[in-house]
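Below: a set of structures, written as structure tokens.
Two complexes are shown next, each including subunit A; its partner changes from subunit B in the first to subunit C in the second.
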Partner chain A sequence: MRLYWTVLASGFRRHATYRVATAAGVFTNTVFGFVLTFTYVALWDERPRLGGYDMAEALAYVWIGQSLLAACSLMGGGFEEELIQRIKTGDIAVDLYRPADLQLWWFSANLGRAAFQLLGRGVVPMAVGALAFDLALPEHPLTWLAFLVSVLLGVTVSFAVWYLVALSVFWLLDGAGAVQVAWLSGVFFSGMLLPLTVFPGALGEVARALPWASMLQVPADVFLEKRTGWELWEAYAFQAGWALVLLAAGRAVQAVATRRVVVQGG
Partner chain B sequence: MTAMEPDFIDLDGVEKVFEVRRRVGLLRRERRRVRAVDGLTFRVARGEMVGYIGPNGAGKSTTVKMLTGILTPSGGRLRVAGIDPARERTRLARRIGVVFGQRTTLWWDLPLRDSYRLMHRMYRIPDARFRENLDRCVELLDLGALLEVPVRQLSLGQRMRGDIAAALLHDPDVLYLDEPTIGLDVVSKAKVRGFLRDLNAEQGTTVLLTTHDLTDIEQLCKRVMVIDHGRLVYDGTLSGLREAGAATRTLVVDLEREVPPIEVAGARVVRVEGTRQWLAFPASASAAPLVAEVAGAYPLVDLSVREPDIEAVIARMYAERRPVR
Partner chain C sequence: MASGRVATAAEGLRAYGLIAVMWIRSTMTYRFSFAMTLVSNLVVNFFDFVVILLMFGHVRGLGGFAFGEVAFLYGTTSTAFGLADLAMGQVGKVGRRVRDGTLDTFLVRPAPVLAQVAADRFALRRLGRLAQGLLVLVWSLVVLEGVEWTVAKAAMVPLMTVTGALIFGSLMTAGAAFQFWAQDGAEVANSFTYGGNTLLQYPPSIFAGELVRGVVYVVPLAFVNWVPALYVLGREAPAGLPPWAAFASPLVAAGCVALAGLAWRVGIRSYRSTGS
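Up next, the complex of A and B:
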């Protein structure tokens, strides 16, 4: 277990070395946040209580989204780029002969990355948003803790999805298409554009049941204290359920990939 | 130790067949089976240092991948230290070290020291042992000034030395080296070779060295295996390879004046240029009687003996595509 802690810490440190990139990310997230805020203001002015949120809640939702964008890799840009590259070039061979579990290894590395992104790219935009606008913040201090647990589960589901996308490269040889599908789905079905509670009818129900909901919609609802008491446990169960199913799928695919598929290059 | 385990690495009729799909026409695809490794049989004793050479695409890397357990053989039996690599890859991984000249096992954006810390945990190396091994590698591979430098800032030679150290921190019984000196300058090459030679002599590490640089082999390995088209075409000493390849040595003589081509037993003149003549004789024969005979019968001024070019021998072997044994 100590190995995976070290991997996690390295994942954190690696991303911490790119200070300029982090600063640029914070800037982008903040600008995005302002753009979305003005859009939401216009929307919620017209349709108050849309999706069950009042204005302050809707705006908090925007800034939570910006804070989780990098941590939950809603638009990609996480560990998968490196993993895909390693599969494409055959460097994955180096990972395979190590006495470590491939999935657990990348999971730990991604967790370290996500932890850094949450601190480095999450805290500042959230603070800016809270200073500039009137956001709905948790009433109970414990809600912050509940939110962090939900984010951790969200990061896990995000990892599991992107791991499957990355492993597809063993067969597809090029990840561009799969990555594009994955990040488009991520942006839409995580609730990045609009909260999933806004979508009507069957579309809304399907969207709220898909794994991407775990990455933003569910943590945001925990933050906004829409899910408390028993419903909080339901929310966790929903996230953990998808995490388990998708991680198991990742394991199965990994077993087939490493057994059957040729490692590229020399 | 060497005599104890003659079949430390043991291959018996190992095969690897790949299925390659090729496009024929617009929609049709043809399946073709490619035998990358075809009935490979050899043994390597514990503590041996063996050169493993062959042209590109001969099956060298495929063999190494099977030996590390990354690829599963299609047929035959394969054991490393008594372990079936494909079945128990992780268990075997603790006992082997791998260095790929063209790939790195280090983490690109972390300082060298952080990569070693990961190795420490990954191979569960006892703390004291880890420190001892790291100190030794740092000293012998001259890494002291590089430990805090991120790997992406290292030169190729520095990175290679860093990679070799990374492969050795857990005291592997077997070390696979795939082109460990590729792209290195003369000084770096010499450093790497010296280190490997000492490692093999002092620690008794079994080394399988894959390379295109025959100087690596000449300086490090008593035994050399040549693979081509997935088959072993030669297994023996380097000097044996010269003989097996019907190689000749050349005696170059400088005479006082121009004479007709020299006539002596056991050698023939292959070239004459003014007062200088080139005589070819079998690589296995001694040069002494030949020199004596020439000196006795001709006005000799100076002479030199040229060893056969091992690259030429191997190039011919590849070209002829025949086993030389």
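Up next, the complex of A and C:
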């Protein structure tokens, strides 16, 4: 347990050293936040209460999305690049020799990264958004805590998805395609571009049931106090359910992959 | 002097072509992965457009613009961005080469560094983005209503994709030059290129006046499509520009290219290798 805690802490520290990258990321998130805000204003001006949100809630949703973008790796950029590179070059053989569990190792490293990204890239855009626009903030102080729990579950689901993507490189040898498919799903089905509650009919129902919903839509609904009491537990169960299923799938794929591992390079 | 410039440019283009072909052959080694990236590149951008379709499922107009008009804005900026991204998108990766010092190999080779950097790991999959932009553009021309076409307006459509691509390409190059100082700052350039592309997909009327003035007079993104496209649509130019401003976009593009070239030179002169 101490080992994984150390890996987690070093993941946090490692990303904390990239100060310029963090500042640049905050800048980008803020710019996109502004652009999206204006499109949402135009949309909610025409259709107040679209998707069950009023204007202030819709705008809060934009900035929650920008704040979780890095932490939940909605567009990638998490641990997967490195893991894919290690599988591609064959360095993964060294990792498999280590007296540590591969999945748990990367999970801890990613959790440390996400914790830093949430603070480093999440807080400032949210604050800027709240200063520049009228955002709906939680009325109940405990909602912040409920939101953090939901984000933690979202990060776990995100890890499980990207871990599967990275392991696919054992077969595909090049990760670009799989990464892009995952990136696409992450952007669209997380509700990053438009809240999933605005999606029409069957598309909306499917989108809200997919794992990506746990990375942004569910945490945002918790933040906006759309899910309280019993419904909060349902939201957690939805996220935890996907986390368990996908982590188990990752474990199964890992078992097959390591049995047929061919180390690249010489 | 002038002939020397032309010779350098020709040499750069030749080097660019050779390196690009080499990388295309290398990509083709992983055929399945390439097919997947190409398809997903096309699809990823369609999802981007699906968002606009979803929006118009709920409203009849955005900022006073009908669906065909927003699709036209989307198509023009996406095509311009797709062109720029295909040709120059890789310059944004120069930060990594600055960080690990591998840019040194480029400096000793007898070919212009910018051509080498732009063709480095040439990504043919970016064709997907370009194809999607073109498809939406063509479609928007079909569904557009009430445009009184003239020769000038018809010529403006292909022209603005080219000048727009030059403006985006200049921003990408300037952003890459910026990375010689801020080695990790690729995202800042992204917020102007990708962010600009997203911004230009929507009509200027929905954005705050300061923001519109900023992309007209400070970072001239508005000349990618807003200014010429609003002329085609027969609407007033943004931020109080005169109507003939639409014809100034080639000049603006030329200015951007010159400034980007200058920025690149200054950047590469200040390059210090990691020296490991």
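Just a few scattered comments:
The rule is simple: the second predicted complex is superposed on the first by the 266 of 266 C-alpha atoms of A that agree within 3 Å, B and C clash if a C-alpha of one lies under 4 Å from a C-alpha of the other, contacts with A are read in each partner's own complex, and residues count from 1 in each chain.
Simple rule for what comes next: contacts are C-beta pairs under 8 Å (C-beta built on N, C-alpha and C of every residue); 3 or more make two chains touch, one makes a residue touch a chain.
Note that this is a predicted model, so its numbers are computed, not measured.
With subunit A as the common reference for superposition, the partners subunit B and subunit C occupy compatible, non-clashing space.
In the superposed model, A:3 makes contact with subunit B only, not with subunit C. Put simply, more of the residues of subunit A are touched by C, taking subunit B and subunit C as the two choices. With both structures placed on the common chain, the touch criterion links A:199 to subunit C but leaves subunit B unconnected.
By the touch criterion defined above, A:131 lies against neither subunit B nor subunit C after alignment on the C-alpha atoms of chain A. After the chain A superposition, the centres of subunit B and subunit C are separated by 90° when viewed from the C-alpha centre of subunit A, nearest 10. In the superposed pair of complexes, A:259 makes contact with subunit B only, with no contact to subunit C. In the overlay built on the shared chain, the residue A:187 is in contact with subunit C alone; subunit B does not reach it.
By the touch criterion defined above, A:94 lies against subunit B but remains apart from subunit C after alignment on the C-alpha atoms of chain A. Put simply, the nearest alpha carbons of subunit B and subunit C end up 6 Å apart when the two models share chain A. Once both structures are placed on chain A, subunit A residues 18 are touched by subunit B and, in the other complex, by subunit C. Within the complex formed with subunit B, the residues of subunit A that make contact are 2-3, 5-7, 10, 13-14, 17-18, 90-91, 93-94, 96-100, 258-259, 262-263, 266.
Listed in rising order, the residues of subunit C touching subunit A in the complex are 30, 32-37, 40-41, 43-44, 47-48, 50-51, 54-55, 57-63, 125, 182-188, 190-192, 195, 198-199, 202, 206-208, 211. Here subunit A touches subunit C in the complex through residues 18, 20-21, 23-25, 27-28, 31-32, 34-36, 38-39, 41-43, 46-47, 50, 172-178, 180-181, 183-184, 187-188, 193-194, 198-200, going by the rule given at the top. Of all residues in subunit B, those touching subunit A in their complex are 18, 61, 65, 68-72, 89-91, 93-94, 96, 98, 100, 102-105, 107, 109-110, 114, 117-118, 121-124, 150.
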